[in-house]
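Presented sequentially are two complexes of chain A, the first with chain B as partner and the second with chain C.
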Partner chain A sequence: PSMIGRPKNSPNAVFQPQHEFKCHIGEELHQFPFRYDEFKPIISCGIVQDWDEMIILLEYCLKKVPKFDMQEGKYTRRVVLNEPLLNPIKNKQKWFEILFEYFEFHSLVPQVQPLAALYASGRTTGLVLDVGEDCTQILPVYDGYALSNVMNKMRSWGGRVGGGDLTKFVANLKYESGWEFSNSGREISKKIKERLAYVAPNYWKEVELNAESSQLSRTFELPDKTTITIDDLRFKCGEVLFRPSEFLGVDYVDGGIDDLLINTLLKSPIDCRNDFSNNIVLCGGTALMPGFKERLELEVQSRILPPHLPTPKVNVIQQVESSYLSWIGGAIIGSLGLTTHYIFSREGYMESGVDINRPYSLNLS
Partner chain B sequence: MKLVSPLMKKSINQSLLPHLEIHLRCAKNLPAMDIGGKSDGFVVFSIGNESVKSTVVEANLNPVWSDRMLLGIPNGDKLTSFDQLVLKVQVFDKDLLTKNDLISEFTLSFKEFKSEGLPLEKIVSLPGTECQKKNSTLDFSITCQNFNQIANANKPIIANHYQVIMEKKIEAIQAKFEDSNIQFIGSREDIQQRIEAAKKEDAWFKCGNKVGLSPGLEIWRIEKFKVVPVPKETYGQFYDGDSYIILHTYKKENALYWNIHFWLGLNTSIDEMGVAAYKTVELDDLLGGSPVEFREVQGNESDEFLALFPKGIRILSGGMETGFRNVKPEEYEPRLLQVKGKKNIKVTEVPLLFSSLNQGDCFLLDAGLKLLLWEGSSCSNMERFKVNQLAQSIQSERGEKPVLIIAKDKASSNTSELTFLYSLLKGDEKDIKTALEGGNDEEKQSAKLSKPVVYKLSDSSGKMEFTKMQGNFIFSDLKSQDAFIVDAGYKVFTWIGKGSSQNERKYANDFAVTYLRNNGKSLRTQISRVSEGNETSTFLEVFNI
Partner chain C sequence: MLNCQFDDEIIQTYEEMRMGKGDHKELKFLVLKVEENSVLIDHDLTKLSTLEELTNQLPEKNTRFIIYHLDFEMPSQNTNSQVKEGSRTKMMFITWCPNETNVKEKFQVAAIVKTVKHKLTGLSTTIHCSNRNEIDEKSMIEKCLTFMK
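Up next, the complex of A and B:
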């Protein structure tokens, strides 16, 4: 996870500026029994909030890359910037600044995440639904062109619910029922979510079934070897994606993922709708939740009827690689050599600054 | 029975929404509406559009219900007062074929529900001429739930700790379409940019000319992130492990039209799929955006695609390797090789057992990315030399260089890597035999395995013949017009002569597998293909050259 924690009682806290503390990143947070300050999210909805922390995180990640030498590599390597939809231009410029001026990489290929995911699934036409850690994005693409006019029409371009919210939901519900997880609580909630949660085809049937019998309940072992029983939480957790305002609070006004999908389908040009409903590509780790694909198909099938779609033929594609599909897409585009459109070179950037819409790729030999 | 109104059904946190809980008990002396002098009564409670219906009690003038109904209040969480609201109660007679008959109807104002949580018991004498004649009554109780929510309507229903996070999220999300990264997608500059990029791909140009300028077919295959033209002779032939791009140009009324198909084999790798899709879009851009793109998956090809190949398409198994680096050390089957001999040193594969080891010979344990070189305490210098050579040739063969570990004896076997390699061997360390038990080096040499076993594969007689070569077979006996299968003990080679026929080339590998199977050898034994004039050093060593 993209989180940085700093131990609370650092001995030299007084003398050093904050960013020079010893800090623990990502998985390390669960290995060291320190008490940390509150975790600050570095990235929120795919948009970087704290650039100083981002640099620390990037340096840490680059150290983990096998066979990558910082000193040598930075002048020769190309970086694919997999950015979220509607990334503000200001934010993008900051990325350029960091990658070219601080890290001094050779060249940069910006790419929109859902589009990269679509290529990785071997398609040029489709509707990409990317359920990320803290947001959901959707992008209709026809023959390799993102239909940005559809996005312009939408009231909201994506939901604010993501996998992280499900984790918080689990943690919150467990907290209310008396299980207080401390530092590693997030991790435990995450494990409960990943192992046991699913999406029910019909929520109310599941509620009745759960009330009548205990066949849905499963036990989960905590690190201290005690076991807890999880029953209704299993399908409630999945249901959060579909009815966020009722589970998470009134602030989640956008409606569920199914609403988002159906809205986008109906806003798309009528001659593309059939192609889109036939090629709904799922992406992101939460999309791998059992039952998610079936539920989406059911929702679209039952709610989009003629005349909006002549013969509703719905096909949702869920792959094993779904959780890192946009990464694979980025990797493919990065390996293509010099023929990708939009390559920015460091030389060009240093000469004339950045003009994001007029790339210098043509100067690259 | 519990009955729930639609609004309540939608909500998850039922207990938090403002609603009415209604217990319907009984009605007395209902007027008869049906022919038989009876009525099938049921009651509907409604507020605005929201309504809840009781169960039907058939053929009874004094029906008794045991219904518990939850009736949600429309826009309940936004109401500031409930004075305007009116609860409507309707008693019906259920008819099968015709419209339900309304027996009676009355309203209750919300002013009567003052205290929350306490049930309001009601026995109402029903209005209407028929009902008043018979003195009919309806007995029910109503409880208000969560009406304090209405009083504090401005506060959110759930006091939640997501609020802080949400505020941050909302800030982050407030990016406008106009100044975001996707505003230029599809603009004229963007399209121009894409065309320029497409011009840099060499595969789209033939002798300096853009492809697709004359009617016909053109096919490319994706090979390690590159687009490579397929030779004309093999059009219609596809490997199921590959992805292809097919450009079909046709003329209609003196104008050119294009269809671009990208064909994905069932076993194609994800990077090939991705590149095919990406490059299809690129070709589309190059041709001005007018071509139609088709995605073809093996087995589900479109009619337009199949019509391009009047002779039909032929699907072969196999294909290019993935462009992604693909090392899976965990999946590698470990093997143990014995190096033994004095003059003619032989390498044989032996079972993964401690008892296979002996102090008089050298052994190489091959576990994919790790090689353990084990030298017996009394092995000969030739064996030691040979095993090092073998280890080096294996190292240079693999893309990722395996780590070579040398163990003289078990005393130096205390590092963790060694214990890992030792764990691959079954049995006990005590099982390691002495040099004497391992047998004499000379003896081994005279054994049958010291010579390579060679089979000839020939179809010169018109029939495919697979014969074992007798006698002392040497390198110069390999004949150009045939194919040979050479078993070196630890590895099997197929040697393809320059003048060998097509069938011999094609089936050499299959015969090698059959040979392994028929002789009880492990099917995982490596099979290498060697062609005449390009023999590898390992192959030449088999013949002591």
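Up next, the complex of A and C:
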């Protein structure tokens, strides 16, 4: 996770970070979760919240890259910036500023995440549904061209639904059932979500089934070796994605993920709809939840009927590497040396700054 | 778009197949493979005679491009009349990209699709396939009919 934690003033040297950054970064946080003041994520919904922390994180990551020498590499390397859809211009400008002025990289290729994910799944036509940690985005692409007027990001007044919301939801429900975890609760909730949660094909049937018998309940072992039993939490957690307003208590104007998908399909031109419905590519970690694919197919098939969808055939593609698909896509863009029109060089930036009016980044051609 | 080596032999074979002239006029399909940044003809698979044989012999872990010469009878608008609409031919472009392929190869294929379509004129529709049962003449005809009315 892109998080940074600074230890509280502690006399005990064990908890002091070992490297020169004076803070714990990413996975290191899990070792001593109780030792920090409250930490918050650096990136939320793809938008960087705290740039100073971001620089520390980037330096830390670059240090971990094998065979990369910062002094030598920075003037010659090209960087692929994988950004979310509808990235605010200010955010974009700041990225340029940091990568060119602070890190002094040679050139920069901005790229949208869903498009990279689509290419990494071997397609040029399709509808990408990216359900990530803290935001959900959807982008239809036809023959390499992104239909940018139809793209969508899930909006709400409070935030955007994603994997992180599910974790919080699990934590709250556990609290209601009488278990209380201290600071490490987030990690435990996340583990419960990853191991046990699933999406039910029919929510109310699942509720009945759960009331009648205990075949849905599973046990989960906590770090202190006590076990807890989890039953309705398993399918409620998955249901949050489909009915966020009811479960999270925040007003999601676009409805659930199924509504988002169906609205996007209906907004796109009718000639392309079948191509999209046959190639729905899932990406993001939350999309790996068991039953998610089947539920989406069911929803689309039952709610869009033939006049709107010429042939009622829906095919959702779920891949094992789904959770890192857009990252892998970005990495391959960097390594293949694609010829895109959208390479920004450092010289050009130093000469004239970022030309925000220059259209860029949606098409990879 | 990815820069790649594209053989002239492919264009020639494709044109002969499309126009029904020359050595390759009987060819029903042309199979292309990508090897280290160059597009080549897969001769073993192109030799086969029917689409069924081809679908059974497609590699499980590698990608292929298939250009299929589709030939079908246009269904009549008016069901009562005896007049036939006649046959139509279309060149279909199919990408074979099974789920087991590694991601780099998938990406390469997706990036090359545009180059191939640019070089070969007259390809009507593209179909992305990752399952053997998705390659089937009936669905191709259906797809063609959506834009032929």
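List of remarks:
Throughout what follows, the second predicted complex is superposed on the first by the 330 of 365 C-alpha atoms of A that agree within 3 Å, B and C clash if a C-alpha of one lies under 4 Å from a C-alpha of the other, contacts with A are read in each partner's own complex, and residues count from 1 in each chain.
Quick note on the criterion: a contact is a pair of C-beta atoms (placed from the backbone, for glycine too) under 8 Å apart; a residue touches a chain by one contact, two chains touch by 3 or more.
This one's a predicted model, so the numbers in the text were calculated from it and none came from an experiment.
For the composite obtained by overlaying on chain A, chain B and chain C cannot both be accommodated without a clash.
Contacts of A:Asn274 after superposition: chain C is touched, whereas chain B is not reached. Judged by the touch definition given at the top, the superposed model places A:Ser148 against chain B, while chain C stays out of reach. In the superposed pair of complexes, A:Phe247 makes contact with chain B only, with no contact to chain C. In the superposed model, A:Ile98 makes contact with neither chain B nor chain C.
In the superposition on chain A, contact of A:Asn172 is made with chain B only, not with chain C. Contact with neither chain B nor chain C is seen for A:Ile304 once the two complexes are overlaid on the shared chain. After overlaying the two complexes on the shared chain, residue contacts for A:Thr125 are found with chain B and with chain C alike. Judged by the touch definition given at the top, the superposed model places A:Gly329 against both chain B and chain C.
When the two complexes are overlaid on their common chain A, residue A:Ile317 makes contact with chain C while staying clear of chain B.
Only one of the stretches 243-251, 423-431 or 477-485 belonging to chain B has C-alpha atoms clashing with chain C in the superposition, and it is 243-251. With the contact threshold set out at the top, residues 118-125, 143-144, 321, 328-329, 332-333, 335-340 of chain A are in contact with chain B in one structure and with chain C in the other. Those residues of chain A lying in contact with chain C across their complex are 118-126, 143-144, 271, 274, 278-279, 310-311, 317, 319, 321, 325, 328-329, 332-333, 335-340, 364-365. On the chain A side of its complex with chain B, the touching residues are 41, 44-45, 47, 49, 83, 85-90, 92, 110, 112, 118-125, 134-135, 143-149, 151-152, 156-157, 160, 165, 168, 172, 203-204, 236, 239, 243, 246-252, 321, 328-329, 331-333, 335-342, 356-359, 361-362.
For chain C in complex with chain A, the residues that touch the partner chain are 1-3, 63, 95, 97, 99, 101, 103-111, 113-114, 126, 128, 130, 142-143, 146-147. Contact residues on chain B toward chain A in their complex (touch as defined above): 9, 11-13, 156-158, 160-163, 165-166, 168-170, 172-173, 175-177, 179-186, 189, 193-194, 196-198, 200-201, 225-226, 243, 262, 264, 268, 270-271, 273-278, 280-282, 284-285, 289, 293, 295, 323-324.
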